[in-house]
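Per-chain numbering from 1; labels A, B, C and D assigned in written order.
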C-alpha cells in the first residue's frame, strides 16, 4: 500500500437498505410512540441535559430510522430522565420510556 | 403481657379434672399435628431464608432494634394494633376492621386463653412434645373430663370466656362469608380472585370455627362449656341421643386445621404469620435492596391479597388497568412471573397510595422501583459533563453573607411552569427574604426521575453534582417548589447543616413569623395533595394552614394520603398519554366534587396536569399566596 | 428500463450539428495527456471522412481551468474566448468545434451570459479590440468534438473493421459512458440527448455494436472537480467520488468506459490505480482495471488504427485484455516504442493493479 | 324564457355548478371534452381523508345534473363576446347563445416525465399518483410483493424549474392516503414518503398523518428526491437528502409513486386564448379579485369555478361551484331584470 497523502474517505451517506429493521420493530413493539415523532424538536429545545451535552430524542429517533445506532446512543447518553421532553411533546410521546427502551435494545 | 397474666394465675392440680384418655392421644389429632409441624418447619426455614438474604449490616440493625426500648415498644404496639386489632382497617372500613379483628384477635385469644386453661388445669400437658403439648391445648375439650360436682368458679369463667371468644370469631367468619358474596357491601369495589390454595385455606378457615363449635358442643357435657356450647350439647343430645357421635366432628375440626396449615404457605393467609416479621423489620428501618429477597420477601409474603389497593390505584379509573395493581404485582413476584413483574413494575405511577392504605403496610412502589433497578441500573449513561461543574464548585468561595440566605432550586419541571418561579420571586420580594437562585440558567436534574426509572447509579452522579453546588453556595436553607425534588433531597442528599424546605412549609413559616400577611379571600379553594409531597414527604398540614388563611378551603372527598394522583407522575414508565389524561380527569373529578372556585396544588407536574383537565382555574400554591399577600406598610 | 421512454427524451433534445466546415480548438489537458486523441480526431475527420476541419496554431487556452479554480475573473476568460471566436471569423469559419468539455461548457455559459447581458458583450468586444485589434464575432454553431463524432458515427461504422463485440462469445461489449459534467448539465439543451440521459456517447456505442450500461451513479462526477483535485488537501474527496462511481458500476461488470471530457478519462483511469494501491481493490476482470477511453480512441479502434498509434500505452489501466476481447491485433513489443521506433523506456509496475 | 348558461368542463366544479344553476331555473348547457363526465374524479379510486369511494361521490354529483343538457366529447370551437351575451360554437356543430359562461376547465396533472431525473416512463417501477389510483380502481396492483415503496411529494409543484412555484394543495394528503392504502395491500413493505413540508391543513388530515405513522409505520423523510436510477437487480435506487439530519440518503425501492401536481388544463388555455383571459404567473386564470370576486373574471358574464384559478381540493372546488352559481344568478338578475 502506498501513502499518497490522501485516500478514499468513508461515505457519510445514509443507506436505508442496510438499516436494522428487526431492532427497530422490537423497539416499536416495546414503545409504539417511537413511530409518532413529527420532528418538531420540542424535546431537544426543553432538554435539561442538552445545555451541557448534545442530547435530542428527536435526532435519536431519526438516527435509528437511518441506521445510525452509535449516533442515537450518543444523543441519549447524557439524558437525566427528568421528563421535561415528555411534558412538552405535542404528540404525547412517552419519551422517558422510549429512551430507556432504545438503550435496552440497542445498548451493549 | 401474657407472662404477667400467667404468673397471676398459679397452676393448680384440680381434683375433678381427669384425662379421658390415659396417654392423651387419639388418632384424630394427626391431621392437625402434621399441619402444625409443617407450618412450623416452613416458618423456620422461611425465617432463615429471609435473614440470610439480608445484608450483614441489615441483620445487625434488625437484631439491635429488638433491644432498643423505643423500637421494642413500637414493635409491641404495632404487633398488637396491626396484626390483631387491625386498626388501619378499622379506621377506613369499620365493618371490615371488625371482621379482621374478630378473626385475628379472637383466634389469638382463643389460643392464649386455651393454653392458659391447660396451664392452670392440666399443666403436665404443656411440658413436652411427648405429653402432647403440640395439640393438647387445642383439643383440650376433647381430652378432658370435668366432674360437674367439682366445677370451680374459675373453670366456669374460662368456659364462659372461651365461648365468648368463639362467638367473637364466628361473627367475624360470618362477615367474611358475607363479604365473599357481596364484597361491595363492605366497601370494596374490586377484590382479588383467589387461587386454589387460597380457596382451600379459605374454606378450611371458614370451617374451622363452626366445626370447633360443633365439636366442643358435642363434648360440652364431659369437658364443660358455657352459654354457647352447653345449649348446643343439650340440643344434640335431644336430636342424636348417642353422645359418641362427637368423633367425626373432632376429626373434621382437626383435618380443617391441618389442611389450613398445609395450604397456608401457598395462600394469601401466609400474611398472618409473616406480618409480625415485617413489622419488626420495618421498625428496624430496613430497606428493600432486592425485589424478591430479604426484606422484600417478607413484604411479599405479608401481602394478604386483600385487594384494597385495587380500588386505591389511580390507574384503575380505567378498568383495563386493574391488572397493574400492587396485589397482582406481589402475586406475580411470589410466582416468579418475570414478564408480568416487569410490565407491572414499569406501569406504576409510584404515587404511593397503595402503600398508604395497605393494611399490612407493604410498600410495593419501593419494590417496583428496585425491580426497575435490576433492569435499568446497568444502562449506559455518560454524565461526565457534570464532573467539571462539581469540581469548580468550592464551598470556600462562598460569600460570608450567604449563610443567612435562602437557596432556591426550581428544578426541571418548575422551569416549564414559569408562573411558579415568578410567584416565588414575588414572594421573596414581599417577605424581604435574601435569596439565591441555584438553577436560574443551567440546572441539573435532582436525581429523583433517575431513581424512579431504576437508574440509581446515574441518580447518584446527579445528586453528587447538585450537592456540590448547594454546599458551595454557603446557604443554609434550601427551598424547593417541586415535591419530586423535595423527596430525593430529603432522602438521598445527606445535606448536613442545611435545612430543606418545600415552599408550602416555607410560606407557612413566613406567615407564622409575620413576614407576610395574608388576606383572606372569598374564593372556595380545594387543595390537591401532590403524591410526592403528601404521601412522599408527609406534608399535609402546612399547605392547608396557608390556604385556609387565603380563601375558603374545601375538602375533596379523597384527600391527604388518599389523594388521587394527577396521572402525569414520572413514576410510570409505560403509561401512555391517553391513559394519563384519563387519570388526570379522574383526579380532577375528585377535586371538583368539593365544588371549588379554584384548584390549588403545589407541584409543577400536578399543576400542568390538572390545569389541562380542570373546568375551574388552577393555581400554583405560591401563585395563590402571592395574589393574597397584604401589602406591607413598612416597605414600599 | 423502458428504452422507448429514453427515445422520447432524446427526441426532445435534438441538437443541430452542421455536417462540415469547422474551426477546431484543442484542449489543454488532452493535448498534454492524450495527444493522440486529438490527432486521431483530425485524421478521421479530415482524411478518412474528408471533412473541412481548420486549425490554427494561434488559438490559446479558453481560460477554463483558471476560471473554475478562481484564478482569473470571468471577464478575462470571456475576452480570451472572444479572441478565439474572432480567430474563427478571421479564418472564415462560422462553425466552432472544441475538443474540451470545460471549454464547451464555458463557451455555452459565455454565449448565454452575452445573450442575457448585451452590455457585457459590448464591453468584451471593446476589450477584444483594445487588446488584440480583432473583430468581435460569435459562432453560428458551437459543437463539441464528441458531437461531431456522434454526427459521423454511422459513417465511421460503415468504415469500421472491428465492432464493440466480444469476438469469442459474439456478445456486445458492456460499455459505461461517462459524460463530462459541463457538457450538458449546465445547459441540457446544448447537449445531444439532454442532461439526464445524454445520447452523444450512447449513440456512438450503439452504432458501433456495444451495449450501454445504465448504472445508478452514472450521473456522478468523475472526481476531478477542478479545485477538488488541484488542491492536494482535497484529493481524498476527489478519489472518494471516483470510488463511489466504480462501486456502483462494479456489479454490471463493464468491459470498458468511454468518456468525452479531458479530465474524466484521466481521473477514471489514474484513480483506479490509487484505489487499488490504497484499498487493494480492482474493478476489472482478473485483477485488471476497467480500461477507460476517449471517444476518438474508441473510434480509432473501431476503424482499425494501431492501438499504440492511438496512444493507448499511456493509459494506467492496461488495454490489452480489451483488445484481445475485440480481436484487435497488436504487437506487445512495440508498446513502448516511440513514433520513430525508439525505446521510450518502460514504466514501473503497480503493486496491485495488473 | 330561461336564460342560457354555458358551462365548460364536466368535472366536479362543472357538475355541481350546473346542478345548482338548473335548480335556480336556468337552461344549462354543459360541455365536456372527454367521453365521460367527472374529470379527474372519474379516474380516482378513493378520496382523502376518510377514504370514501370516488365513484360514489361522482355518482351523487351526476344524479344532480339530470335534466341538464350535457354534451360529452364536445369542445368549444369558438366563442365571441356579443353585446350582452356570448356566442359559442361547439365542436358538435351546435351554436349556443349564452347569457353567461362558467369556465370549469380544471387542471391537468403535471407531466411527470418532465422531471427527467425521476425516470417516469423510463424505469418500470416509477408511476404517478394517477397511475396508482387507476391500479387501485382496476385492481391491477402488481401481485409480486414489493419490499419497499416510495412516494415523492411535490412533483411539478413548488418547483420553479418545472414551471410551477405553487403548492398543489392535494398531493400531501393524497400521498399519505395512498401510502396507507399501499401498506394495507403490502403489509410487509417499507413505505417512505419524501416530503418538503407536510401540508396537512384540512380537517382530519393530521389524523391521517398520525395514522400513517403509528398504525402503518410509514417513514416520512424530509427531503426531495434528487435522482432515481436503476440498480443491477432492476430495483430503483433513490437519492435524497434527509434534511433533518443534513445527510445524503440512499434507498432501494421497488415502486416509486410521483405525486404529480396540478397545472392549468390545456383545454382551459384554449378558451383563455380565444377570449384573451388573463392568467397569473402560475399559469392559472386570474380572478377579478383574489378575495372578494374569485368566481368572476374580468369579462362581464364570464365566471370561473374550481381548479382553473389554481390548485384546489374537492370540497373547495364544490364550494366554488356553488358560489359561482349564486354569482351568475346575481349577474343575470342585475343585467337582465330591466328587460
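Heads up, the rule we're going with is that a residue touches a chain if its C-beta (ideal position, glycine included) is under 8 Å from a C-beta of that chain, and two chains touch if they have at least 3 such contacts.
Source: prediction; values computed, not measured.
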Result of counting contacting C-beta pairs for C-D and A-B, higher pair: A-B
Most central chain, Cα average position: A
Subunit B and subunit D, separation of their C-alpha mean positions in angstrom: 68
Intercentroid distance (Cα basis), subunit C paired with subunit B, Å: 87
Cα-centroid distance, subunit A relative to subunit B, in whole angstrom: 41
For subunit C paired with subunit D, centre-to-centre distance based on mean C-alpha positions, whole Å: 46
Listing of all chain pairs that touch each other, if any do: A-B, A-C, A-D, C-D
Contact footprint of subunit A on subunit B as seen in their complex: 346, 375-376, 379-383, 385-386, 412-413, 415-416, 442-445, 449-450, 452-453, 455, 458, 462, 568, 570, 573-578, 605, 608
Subunit D residues touching subunit C - in the complex, by the definition given at the top: 113, 116-117, 119-124, 227, 229-232, 237
Sites on subunit A touched by subunit D in the complex: 12-17, 21, 28, 32, 35-39, 59, 62-63, 65-66, 68, 91
Subunit D partner contacts - residues on subunit C that touch it in the complex: 1-2, 4-6, 8-9, 194-197, 214-219, 251-252
In the complex, subunit A residues that touch subunit B: 31, 33, 46, 48-49, 51-53, 73, 77-84, 86-88, 92-94, 96-97, 100, 103-104, 107-108
